[in-house]
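Labels run A, B and C following the written order; every chain starts at residue 1.
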Amino acid sequence: MSAPSKTAAGRFFEDFRLGETLRHATPHTVSAGDVSLYSALTGTRFAAQSAETFARAIGYRTAPIDDLLAFHVVFGKTVPDVSLNAVANLGYAACRFLEPIYPGDTLSATSQVIGLKENSNRQSGVVYVRSQGFDQHGRLALDYVRWVMVRKRDAAAPAPQMHVPDLPAAIAPAELGAACPKIDAAAYDFALAGSPYRWGDYAPGERIDHVDGVTVEEAEHQIAARLYQNTAKVHFNLFSESQGRFGRRLIYGGHVISLARALSFNGLANAFHIAAINGGRHVAPLFAGDTVFAWSEVIESAELPGRADVGALRLRTVAAKNRPCGDFPLRQGEGYEPSVVLDLDYWALLPR
Amino acid sequence: MSAPSKTAAGRFFEDFRLGETLRHATPHTVSAGDVSLYSALTGTRFAAQSAETFARAIGYRTAPIDDLLAFHVVFGKTVPDVSLNAVANLGYAACRFLEPIYPGDTLSATSQVIGLKENSNRQSGVVYVRSQGFDQHGRLALDYVRWVMVRKRDAAAPAPQMHVPDLPAAIAPAELGAACPKIDAAAYDFALAGSPYRWGDYAPGERIDHVDGVTVEEAEHQIAARLYQNTAKVHFNLFSESQGRFGRRLIYGGHVISLARALSFNGLANAFHIAAINGGRHVAPLFAGDTVFAWSEVIESAELPGRADVGALRLRTVAAKNRPCGDFPLRQGEGYEPSVVLDLDYWALLPR
Amino acid sequence: MSAPSKTAAGRFFEDFRLGETLRHATPHTVSAGDVSLYSALTGTRFAAQSAETFARAIGYRTAPIDDLLAFHVVFGKTVPDVSLNAVANLGYAACRFLEPIYPGDTLSATSQVIGLKENSNRQSGVVYVRSQGFDQHGRLALDYVRWVMVRKRDAAAPAPQMHVPDLPAAIAPAELGAACPKIDAAAYDFALAGSPYRWGDYAPGERIDHVDGVTVEEAEHQIAARLYQNTAKVHFNLFSESQGRFGRRLIYGGHVISLARALSFNGLANAFHIAAINGGRHVAPLFAGDTVFAWSEVIESAELPGRADVGALRLRTVAAKNRPCGDFPLRQGEGYEPSVVLDLDYWALLPR
């Protein structure tokens, strides 16, 4: 048969056009089942997401899903159109959470191509997309930029028009808080939340070793990536990856973010909501059998205009593999300390 | 104590009686949690099952559970009574899906013994059962035949009356569609579904390589089989299986079907409903660590009498292990190409 | 920065005070997702917990969650305050289930320190706590005592006041049944439940080999422990445990109880409710790759005052690793047979 192939091979670098908007497939209704799996795979245990009673007491309609679960679900939808042929996921920026997502909400996603830059070797190029996640009412729930290195199908193909977008170093405090209802601080039970420390108890420069470590198994990260409907081949296919760059399956970087966030509970238990991700870099790959540790530094503390209920901490959370983080590993010479796998810069909200 | 053993040892070949109906234990309410786990274990992402919004738009009451999840749950119930002492699960035929199953529905099952044939070595025999799954209202939701080779307790025991049932090579198109509501084709969003190809775009003889591969871990197939409440010993017990035929645990064949079906999304994204399984054979065993690939051939294209909304494709989906399927592996000499693990013949519905 | 550490290091032995009550963090709303995961991780299939229809027919509001899932969730909450620095979880006693827990209920927990006893080496001591789990209405749902060996931060620290509580050898039958509604025995379908044996069919002294074995994977016990929000380091951190006592991660003992209970279905399918745990000992550690087998002995049979619907069996369920239990392994010389991992004494209810 000579029918055209019905298999999606994914876009290559030369297939992207600056300004085009991709409407992604597979809307997904986030369910109580997703929430349970997310908790059981990551170990997250922030009280507002864990208990409906706690969430309602402070002002949510019910327990929202973890911000990062929403992020991963939206991210997963973008993979078949954006990064199926990716060499590397290079970074995230300007990520804002704009609506709380509850079990029963349906997420869908689009991505606009906002930047393109061919690499000098002409084998690949960097694609910048602004991805947006919407709920079932069409409300924008999540908005972020990521850039990813994508192979060319044909090195000789002409490069698309080059454009590197200006990206903010950080989301401004005035832009935070849309996804966080007004919190009833009097009803916020610090004992139930697991820590007495409020927003005002943290100061810029403070570093926190999150102490605990968690080892990742192949089954865990595969189940997680499928929960996020992330179809990137590198996470699932031992047959091909055993012949590839690393000789084994690569763990989805977003899952590493979730593990670091879950570990950060020990020291940041009241940072109940991620309001924005300013930037994130997967510094080194993580593989099954590795143990993830994490530490955080308070970069900045900010009030939210017009809100006396919560304040924002700009946090740098660093994850390292097979190395406790009591000495806060980060840089070494020009680059990163070799054990570091994640360098994440985000805004979290805490009760005041 | 000389009380009679209260432990169920399972039926042996000589315990089956032609015509008897077995009422299986453990009805199960399928929940949103089951659906999440099923997705996260198999990677299925057909839009109608993934998003309530999509499902409702096209005519379902809400997102139905995956047809194969319903199949596995019903199958699981039959194991303690039919195949606890099975040597091999030989095949399926005449499987029809008759009602959509939604989260909250409770499935129960019965099996009628419709065939028995002792093997010439008198050590075992083949048992044919017609298994039926019912919802909480007693409505028949699923109906299929399987045959399985079952050990005899005692080789000298007299064989039961021999009968080999006539089984149809395929379900007729006129019998399809009962579990598929009338689809509002105008509301069927092909971009959200992940493919532009409708029923009419596929032609008999067309072959599709589903490209991707997925490696299975022990934890994954064990969790899956328990999700299906399948208690067959070969899937769970390394201690005994390490001394057994394969030296290791065997992956439930139905899970292989689910993995192949999930892989088939890439090329058949609009084949949103399995209406019937004409036949299925587990050609070779699958073990943890193996990577599953799949390809499909369109065997037949059929209209459904009185329905202009959907059409049926009869598909042969073949799964192979540790071998990409770009060259459509199938036969070799008298038998199967050695990497082939599954040969499945089924009807899927697609929008017209 | 010299801010005080915001990381919780857990209490050491000298930090406990006799009589103090610890209010634990992280209330948790148990969901349908938790129930699915629990089933898929343990293989439990008691009909009342598996099917809403079955549960309603016999008198529950809907299908309750597994008693042990409730136990583990409450247990998990106590870990950060009680056993983060535990050397060993020594035992349980006087555990009563007082309310059925349904999906949607929110569990929270407190523990009262009821005993303290420093070890003669002064490196550690035994802490006895009475832990209580409450639902969202503040109703006591679960009440149990456990004792655990906890390290001292400083061997030279003065020991707290010593007190060893009196613990009952068993809960009295008159105290059982609070979490079990009046059962409509006529509606209890023994075929659907999976066994014809009622309460009256079991006699003290009867032993039951549960036959089947289940091998545990690292991913499974880690996912389970996180489902229970159990943060004990020994279950998750290969990096540190590889340098520790066992050289590998230790499986949460409560998960072993759940596996043994799930195995006990084969022989005790109508023991649909655990009404009390009289005592439990984790005799030896279980590790990934081990295969769990189990057997039970009926210790006592008791009527419940005023209840003609259900009767209680006091059961001893013993789990062993990598050893079928057809010969009922238990003692050897002064101690346990080396394969035994669990010795559990509990009351289960069955229809009369």
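Everything that follows uses one rule, which is that a contact is a pair of C-beta atoms (placed from the backbone, for glycine too) under 8 Å apart; a residue touches a chain by one contact, two chains touch by 3 or more.
Since we're looking at a predicted model, the values are computed, not measured.
K.L.:
Subunit C and subunit A are one sequence twice: same or different residues at the contact, by the over-half rule?
P.N.:
Answer different: the two copies use largely distinct residue numbers here.
K.L.:
Give me the rotation angle that lays the C-alpha atoms of subunit B onto its copy subunit C, rounded to the nearest 5 degrees.
P.N.:
With C-alpha atoms aligned, the rotation comes to 120 degrees.
K.L.:
Centroid of subunit A to centroid of subunit C, CA atoms only: how many Å?
P.N.:
36
K.L.:
For subunit A, what residues touch not just one other chain but two or more?
P.N.:
Those would be 31-34, 36-37, 217-220, 223.
K.L.:
Mind listing the subunit C positions that touch subunit B in their complex?
P.N.:
31-37, 39-43, 45, 47, 50-54, 63, 191-195, 197, 201-203, 205-215, 217-220, 223, 266-269, 289, 291, 293, 322-324
K.L.:
Considering the complex alone, what residue numbers of subunit A touch subunit B?
P.N.:
Within the complex, subunit A touches subunit B at residues 1, 3, 5-9, 23, 25-29, 31-34, 36-37, 80, 103-104, 106, 108, 136, 217-220, 222-224, 226-227, 229, 231, 233, 236-240, 249.
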